[in-house]
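Below you'll find a set of structures to go through.
What follows is a pair of complexes built around subunit A, which joins subunit B in one and subunit C in the other.
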Partner chain A sequence: MRGLLLPPTAWLVVFLVIPTAVVAAMAFSPEGLKALGDGATWALLGRSFAVAAVSTALCLAVSYPVAYFVAGCGPTWRNFLLFLVVLPFWTNLLVRTYSLIFVLRPLGLYLTPAAGVIGLVHNFLPFMILPLYASIEKLPKRLLEASQDLGASPWSTFWKVTVPLTMPGIAAGSILVFIPAFGIFALPELLCGTSLTMVGNQINLLYKNDPKSPGGAAFTLVLMVSTLALTWTYHRLRKTEGLV
Partner chain B sequence: MKRIPLAAWTALVLAALYAPIAVMAAFSFSESPYFQWKGFTFDWYRKIWTDHAIRSSLSNTLVLAAVSTVLATVLGTTAALAARDAFRGKRLYTTLVSLPVMVPDIVLAIALLALFRAVGMSLSLWTAAIAHTTFNLSYVAVVVSARLQGMDRSTELAAQDLGATPFQAFWKVTFPAILPGILSGALLAFTLSFDDFVITYFTTGPDSSTLPMLIYSKVRFGGTAEMRALSTVLLLASVGLIGLSLKLSRVPVAGGGR
Partner chain C sequence: MDEHDVTLRGVTKTFGGRRAVDDISLDIRRGEFFSLLGPSGCGKTTLMRMIAGFESPDAGTIELAGADVARVPAHKRDVNMVFQNYALFPHLSVAENVAFGLKIAKADDVAGRVKRALDMVNLAGYDAREPLTLSGGEQQRVALARAIVTGPRVLLLDEPLGALDLKLRKGLQEELRRLQRSLGMTFVFVTHDQEEALAMSDRIAVLNRGRVEQVGSPIEIYERPATRFVAEFVGSGNFFDGTGDGTTFRTKDGLALPASAKGDVTLLVRPEKMRVNGGGGIPARVEEVLYQGSSTSIILRAGERRILVEDANDGALEHVRVGQTTTVSWRPEDALVLPR
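The block that comes next holds the complex of A and B.
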């Protein structure tokens, strides 16, 4: 069965490892390094980071009560509600993004940076709700009751018992939303127009002008390294905290 | 915590999730090509049926999805089967196989674009098919591995003890047992390829636009009435595919211990 290793490994070396090495080599060329040392590069990365972080935080705030409610439902309702949460995710991203315009336009938000944040929250909601649900569902009810019996208000029980105990779900959900939000490309183009440029848009712009753009390669490399670091963190969390 | 406010909030979030889709679908029946309600018509649906750009994009999308699904299913299943045995460097191997799922699509797209440029390959539907196969083989491998893990290997070994060659044992015992996994992996690959925009956008040729690319180019300027109808049809098609894949994933593992 050893021979089975060869075809997929060969494919991935040729079409993943080597291309990545080509991008890295371009990023570490003198022009690429110049782009990496440029203040404008980091300003753009910082802005993308901020947009992704704000979207992730809003996503968490919107999702937590939903996940909490779903975890408290009976099995039938629970499955039905989770199905409703996940269903839109299985449809085309561009179609969903397009449909948002029909709501954003009457609200006067179409082609504003806020539209991008709303779009990201809307799009990545399932990524947040599912791990939160998995974590809240495992919450031992006894601990919440004990906290209440010992005189804590529901509010302080929530902040001092529920939130710390569901931290693995909060962390996992945040990583799962942040990663794709940071590297998003089509969504801001369609919802924000020129009012918001994120890393993905800049990469597109650079590559459209110059197919061998070292600046584009530099951005791509930063995106890849930060994503892999976060993914690694997520897998560590999954292993140590037993998250699904 | 009180249940009623939580239930109300959940209802509100679900409404926000589905409202845009509902509004878009409703507008696809409006006679006006602008953002206004006027009359009721199936005209836009009739128009997308005869539109040349839509037809050629659809055929490109289907060819791309079919080619990459076949290649990715073969490679991904092979990758999953190879990972059954223990060997040196297995962790490195499994990381390599799952890498396309982990890197953002724009990174994979740019890396492949850089490769194609470096070796002087001109972009076409075939370069896009290579790109789609690369991310899809990873997803197929994940789905088939999950199926293999639920399977009892002793039946395959028993078949060998009873005189079957390793190939016969695989073909008559293991393969039928993992077939539902392979099919649901293939279906996932087809769906992902059909829906992909970013990777196609960077790796396909100028004359081989796909449906998501067509939608992107129109929606960049606010969209057209035909796009509403087309988007609504695509939504319904996706929901149909999900139903099919849910059915497949419920087929039990034959002889498995689950």
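The block that comes next holds the complex of A and C.
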């Protein structure tokens, strides 16, 4: 029986553990450490973080009403609308992104940082809507009635009851959007050109010029560590809050 | 003086072609414990939700303290509700749950009022507990404290004791009644439990299929039921369909009973008004004797007819044996006349 574990273990060691170790070793080489100590590195990371955070916030603002509406529909409509939400996933990322250019260009947004944010929101919307929908759908209606009964207007019921009770969905959706948005490179490259460089673009650039780039390794390591930390948080939430 | 806190006039509500509430008019007096009693589906919960503002009537008017509330949304009505399954906010502590309405109203001395409300429902010291860690009875008390703390004009209670076991129910019934008296607040209590309604209410409205069958004090409802439905739903009874000529009442199954009833009516005799004595009355055979501690139920058969007698266990039953033939009788004035 134990022999069955050998192929997957070998696979993981050859294709995950060894490359990660090599990247880590390069990142901790003198040049790698120099790149890690460089202010420009952190400025770039900060910018990527900010773009991902803004995109996540916008994504949340757009998705919440959608998820709320879908959760309030009858079962038939609900399934149809959820189907529409995931439909874009069946289209290639490049096709979706190029088609976005046709809208962004006449608006004068093509090749601006704003185009990147719009692209990110557009691309990751389903990741936000689905967990939000799951937690809003579970919200007992009578709690909203109890709140109104005690004098809270629909608006303050939303902030005092709905939002706190759907916090697990908000957190899960935000993490699911933020993680890939932080490391993305194809989207800003296509939509922003040189107007916005994110970590992913920088890593891509560095490795293209030098496959052994210590700077690329340093960026990769920082990206991996922060992504792992967020993923871990997400799994903790899933466990404690019973998320989907 | 009769001041009305809730006035319903011709209130009607239809769900999917079915009249859940059908032309109901009621006056609920200031400070009274008023019960809406009826089987499930009789419209009592819908009626209460319309008073609270969660549903709006298709026809008719609802007045709270004399003011029409048709255009007043739920959160602006001076009415609070104790929900059937409590509906406590799981993300807030007990004290925060109770403080919810006070904070919305920007009330003074929130902490002091929360403390007094929790004292009132015997939950002193529960402030920091989380609602979902409490027992059903405790959650019910939190829901009650949360609803009364803002001092609403009317408190609506939707089968608040429904999920609790019998012992706890009895205790909470008493507590609820005492609380209502000491607050002097108008309570509108929805229940399908006739015993509970009789024990607690100043007045009861018995509902059936969206309509009011009778409104009255518990004694009136039980002793002078207006319809067969009320008589059957509240307590149990022996019914005799037949025709009376003022002295003798002839039932359809051939019994001749002494009664002053006239015309085609139904006679109702409550089981506790009947005696099994072997003297005069209807001949019947004893089918079953069920001893219940404080009373004994005797089931007899007279022809096709099943008769239930409730005896107060005062020693007069020593002679009754299963299988024995005896007679059942009652005082003529204990036979209630119901229209047919």
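In the analysis below, the second predicted complex is superposed on the first by the 244 of 244 C-alpha atoms of A that agree within 3 Å, B and C clash if a C-alpha of one lies under 4 Å from a C-alpha of the other, contacts with A are read in each partner's own complex, and residues count from 1 in each chain.
As a convention for this text, a residue touches a chain if its C-beta (ideal position, glycine included) is under 8 Å from a C-beta of that chain, and two chains touch if they have at least 3 such contacts.
Remember, predicted model here, so these are calculated numbers, not experimental data.
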{"item": "Subunit B versus subunit C as contact partner of A:Thr112, first or second or both or neither", "value": "neither"}
{"item": "Subunit B versus subunit C as contact partner of A:Pro164, first or second or both or neither", "value": "second"}
{"item": "Subunit B versus subunit C as contact partner of A:Glu145, first or second or both or neither", "value": "second"}
{"item": "Partner chain(s) touched by A:Ser29 [first = subunit B, second = subunit C, both, neither]", "value": "neither"}
{"item": "First (subunit B), second (subunit C), both or neither touched by A:Ser153", "value": "second"}
{"item": "Touch count on subunit A, higher of subunit B and subunit C", "value": "B"}
{"item": "Which superposed partner A:Ser195 touches (first subunit B, second subunit C, both, neither)", "value": "neither"}
{"item": "Intersection of the subunit A residues that touch subunit B with those that touch subunit C", "value": "154"}
{"item": "Subunit C partner contacts - residues on subunit A that touch it in the complex", "value": "140, 142-143, 145-154, 156-157, 160-161, 164-165"}
{"item": "Subunit C residues touching subunit A - in the complex, by the definition given at the top", "value": "52-54, 73-76, 79-81, 83, 85, 87-91, 100-101, 104-105, 146-147, 150"}
{"item": "Subunit B partner contacts - residues on subunit A that touch it in the complex", "value": "1-2, 4-5, 7-9, 11-12, 15-20, 22-23, 26, 62-63, 65-66, 68-70, 72, 81, 84-85, 87-88, 90-103, 105-106, 122, 125, 154, 158, 179-180, 182-183, 185-186, 189-190, 200, 203-204, 207, 211-212, 216-217, 220, 223-224, 227-228, 231"}
{"item": "Footprint of subunit A on subunit B - complex, ascending", "value": "1, 3, 5-7, 9-10, 13-14, 16-21, 23-24, 27, 35, 74-76, 78-79, 81-82, 84-85, 87, 93, 96-97, 99-100, 102-108, 110-115, 117-118, 130-131, 133-134, 137, 141, 166, 191, 195, 197-198, 201-202, 212, 215-216, 219-220, 222-223, 227, 231, 234-235, 238-239, 241-242"}
